[in-house]
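Below you'll find the structures, each written out as structure tokens.
In the two assemblies presented below, chain A is common to both, partnered first by chain B and then by chain C.
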Partner chain A sequence: MSENYNEIMQLLCDRLSSMTNTGVQVTAETNLISQLSIDSIKLLSLIMEIEDTFDVSIPINALADVQTVRQLADLVHKIKYTSE
Partner chain B sequence: MNLLEKLDAAAAARKAMLPNGVGAFGVPIEEVYSATEARIGDRRVILLGTNNYLGLTFAPECIRAAHDAIDKEGTGTTGSRMANGSYSGHRALEREFADFYQCSSAIVFTTGYQANLGTISGLVGPGDTVLIDGDSHASIYDGCILSGADIIRFKHNDPSDMEKRLRRLGSRIETTLIIAEGIYSMLGDQAPLTEIVRIKNQYGCILLLDEAHSLGVLGETGQGLVEKTGLLKEVDFITGTFSKSLCSIGGFCVSDHPQLDQLRYVSHPYIFTASPSPATIASTRAALELLRKGSHLRKQLWDNCTQLYAQLQETGYELGPDPGPVIAAILDTPQQALLMWNSLLEHNIYVNLILPPAAPEGKSLVRCSVNAAHTPEQIKYVGDTFAKLYPVVTS
Partner chain C sequence: MSSTITKLNAPQTQAFDFQPSSELKLTPTPTLNTLIQKLAGFNTLTSALEYAAEGITGYNFYNAKGNLRAVLPYRLLKQNARDLAQRLLGFDLPRGSRVAIIADTSPEFVELFFACRYAGLVPFAMPIPVNLGSHAIYVQQLRGMLESGQASIGVANLDYVGFLEEAAVGVSNIRWVGTPGKLSEFPARNMELQPNHPDETAYLQFTSGSTKTPRGVVITERALMCNLQGIVRNGLEIKPEDRSASWLPFYHDMGLVGLVLAPMVTQISVDYLATRDFAIRPLQWLRLISRNRCTVAFSQPFGLKLCAMRVRETDLKDLDLSCWRAAGIGAEMIRPETLRIFAEKFSSAGFNENAFLPCYGLAESTLAVTFSKLGKGCKSIHVDSKTLIDKRVVTRLQADGRKQNEFVNCGRPLPGHIVKIVGEDGNQLSEMMVGSVLVQGDSVMTGYFNNPEETDKALKPGNWLDTGDIGFLFEGDLFITGRRTDVIIVNGRNIRAQDIEELAEQQPEVRSREASAFGINDEDGTTTIVLVIECRLTAATERQSLITRLQQLVYMAFGVNCVVELVPPHTLPRTSSGKLSRFAARQGYIQRTNLTGQLTFVESSDR
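After this line comes the complex of A and B, so read on.
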């Protein structure tokens, strides 16, 4: 896996850990809703943060298929590095 | 979890938030006495939870026009304008809206919700982008979803954040629609339209402004935020509703762009729905006339708004940033808001309860909608009651 991808994954895990405070260890396979109880409002705030951190635009309708941290990292990586 | 079990889970979550069967949502209103009073259960209450901003629900001109229309044209149109045809009233109301906004054309929709659905989904599609305020109304979100365009949110009422996200779009800017609202329905604050227009002109985008809550309320003749700011000609599309200041049901879009008329042929929320009934159109036309010459109503409305806003602020309530017809007391927890809502009803005052996730930033709101027909005595009673309940609710 590329360094860029790992950087995205690490940032997401760190941010989600501090956001949710559930005691769940956040990994690539952690489910955002069932394990971290991320509601739609928190997810949208997180997306704005990610957009600013990586200087990308993430359409909120692209989030429909995102359930795990890995799927979110895949989406950010795809937008950041395949649309340039 | 099957489909019905999902609904059961949602019902359980709602019940946990609203214990004891409290019916804060969809309250049964038994009788309506006037623009400001009704009966809920055995209580005669002050209506402070309606969007009847100019207080015209019982205006004799509107009632008479609706009666006459039923007598002449019947109770309903029984179909869409595309298939069944447009009545003279539909076309007349469109001409009157175009005249009111000094625009070349207008389209009337069956509801305000459909006005946003139909306009947005007609203007943008897959491959295009919509840049919307984070606190946008559900009709805007749903219109964007229906369109298939990419949806990007900017921070509420933050033009610099909007510009940052716009700039990131690069070559996609030319197919980007920016959407804002004249007055936001949750906190009653107004869009920073001057800045938004400056940015949209700089980048060459199209701007849609929803004046649902500001029509009849802002500007000398009640056009809304576009009139208050003098930016009518800078906004590409204006949508709005008949169900607030115009006291009926329906919606509209006006524009100087000749392409607006094409929406009639591509917009499903316009094509595949029954057109507004003759009574609805007739009362809306009468209300629009009253709205246009209603500067005295706007003065009464703003006197009431400023009085209640000042009194609640003085008491210590956290409020939205701008005084206006939507005055929301912001409370930290759903329990506080529920206690407040119930206590107000016990004091014969009906307001709106807004709980997460409907309220911004996870807050809970007790929202008042002030109107021009409220008497100074009613407003004072409401303000005094909020003051009396403040220590109870916030302790």
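After this line comes the complex of A and C, so read on.
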């Protein structure tokens, strides 16, 4: 995939590592729920950062289908770089 | 009207004279109305709307950036709702049939809600999905509500209609599922709309995220009107200069009754922010209050905590919260500390702590039960912990140094309502004694829809509603000391222990009645959910897999993390009837893990 995509993935992995501080190596396949225990407050901060960094708006309904870092990166990329 | 008042009340973006039909730029509805204010006192919702529609006030919807995205004056709401009602009539449904609506913070939801009432149908609001990875469980929750409410029609905006279509598959009563847009393409019937009777059901309010046993509270027009009148006349003393701002979800009783219906029956304007947008940027709510000079705004304590957490010094200088006269606090246990921190942070932005208005209520009593005194702030009482735990009696703290608890004064019942405290034997207790909180009055629900078993548990002889909460009365004022073990509140969300246990029992490794869920509180008031499972698995990998799966399921269903403890069979304490006791399970867990300082007086028997 593109440079843009890698940039998103990199930011997500970095932010999630420092945010959760569990010692888990965050990769594309990391499960946000079972491996990182992202609680609702952390999730909100993460979404805020994503929205501010990439100037996008993450629709809440789309998060219902997100469980891994890759799925989140796909979502952000889709919103940012594909115009419907 | 003096020019000063006009200026003070002019909402943001309303730089010039009010122009309702401005095409280019949206203008929020004004604060001051052209109509003489009536404080409730209507027979039905639609008659209240007919009156409000004669004025120029209404609902305003803001986006995440704080820009106005839609305006729905009551006048237009009436018109659109009546038009939609004609299309609903085309389905030829029996009067009182249910219409399920996924309630995002949108004009469409409100229009549809009122359209149902004009058409003699009963709407109920369903939540939007808010948790990561919740797709499958959310669909199950929706299906549970569609089935329990026996909905004939399901409606959701484009973002959510896919979930609703999935949920409706195989649900027997459902005749049609679609978006408000599709509904408005149906032919209009052009029938005369029949007025509603006060004894008819106004709406159902679901109170649980259970997939198997959701409970839909039945609220009649009479109960609703009674509660609204108490709220706006006695609780809030609404005035013509009032304006509200809200981020509360429309599918919660406080959001719907308190911040959609109460403003309408007093013909005042409201500024809405979607819950999601508030949760991500809580200060947008305060900015709305500041810019539009809002006077009445409610929140759960958790919402105040979010604001205090996120605010930066630089934000404060742009805020002027001096207009905020009624900062209603409810929907969960109020810790005075949360309010103190908020007041400290925002006093430099003009927030007056006397605006705090603690109240107590629940969906089973429409919304409000008690209100504290307007303009007096949060009052609390310090009591001796030891006598509280040992004797279940409240004694005011005499000397410093003893271990103490502080409880918030939630005030007195609305007129026509009585609160009493009863012991485990059901006998009324005197003041200062801690027991179950019961409520009687016209706001109390008719029952849970199509669920006589749960109704019987909640409604006692004499139509006393057992609230499920624990508290005491002191000089006529109500103080809540805790919830019973069947409700756990985490980050502002009410979660029924039973719903978590039910999720666990759906796993092949877990037998029914071998799971127990409860909440454990930290010193700082943070609640953690603990799920104890009696487990026969011996292999470490299988045990870990079960734990991980359960944590994930609970997260997807309720958006919270939980601790899962596997214990050998027969560890969980049971009552003489073989029922699990959550209270005893929690005591056992506390002993096993050596947790100290856990409050042990909050529970009585599970309802």
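Structure notes:
Keep this in mind: the second predicted complex is superposed on the first by the 83 of 84 C-alpha atoms of A that agree within 3 Å, B and C clash if a C-alpha of one lies under 4 Å from a C-alpha of the other, contacts with A are read in each partner's own complex, and residues count from 1 in each chain.
Basically, contacts are C-beta pairs under 8 Å (C-beta built on N, C-alpha and C of every residue); 3 or more make two chains touch, one makes a residue touch a chain.
Just so you know, these numbers come straight off a predicted model, no measurement behind them.
Applying the stated clash criterion after superposition on chain A shows that chain B and chain C collide.
By the touch criterion defined above, A:Gln67 lies against chain C but remains apart from chain B after alignment on the C-alpha atoms of chain A. Of the two partner chains placed around the shared chain by superposition, neither chain B nor chain C is touched by A:Leu11. When chain A is checked against chain B and against chain C, the one touching more of its residues turns out to be C.
In the superposed model, A:Leu32 makes contact with chain C only, not with chain B. By the touch criterion stated above, A:Ser40 is placed in contact with chain B and with chain C alike.
By the touch criterion defined above, A:Met19 lies against neither chain B nor chain C after alignment on the C-alpha atoms of chain A. Look at A:Asp55: by the touch rule set out above, it reaches chain B but stays clear of chain C. It is stretch 242-250 of chain C, out of 134-142, 242-250 or 458-466, that runs into chain B when the two complexes are superposed.
Shared interface residues of chain A, touching chain B in one complex and chain C in the other, are 39-41, 44, 47-48, 51, 57, 59-61. Residue ranges on chain C touching chain A, taken from their complex, read 64, 128-135, 138, 159-160, 163, 276, 279-281, 306, 491, 548, 551-552, 555-556, 559-561. Chain A meets chain B in the complex at residues 39-41, 44, 47-48, 51-52, 55-62. Of all residues in chain A, only 31-34, 37-41, 43-44, 47-48, 51, 57, 59-61, 63-67 touch chain C in the complex they form. Every residue of chain B that touches chain A in the complex is listed here, in rising order: 129, 134, 144-145, 148, 150-153, 155, 164-165, 168-169, 356-357, 361-362.
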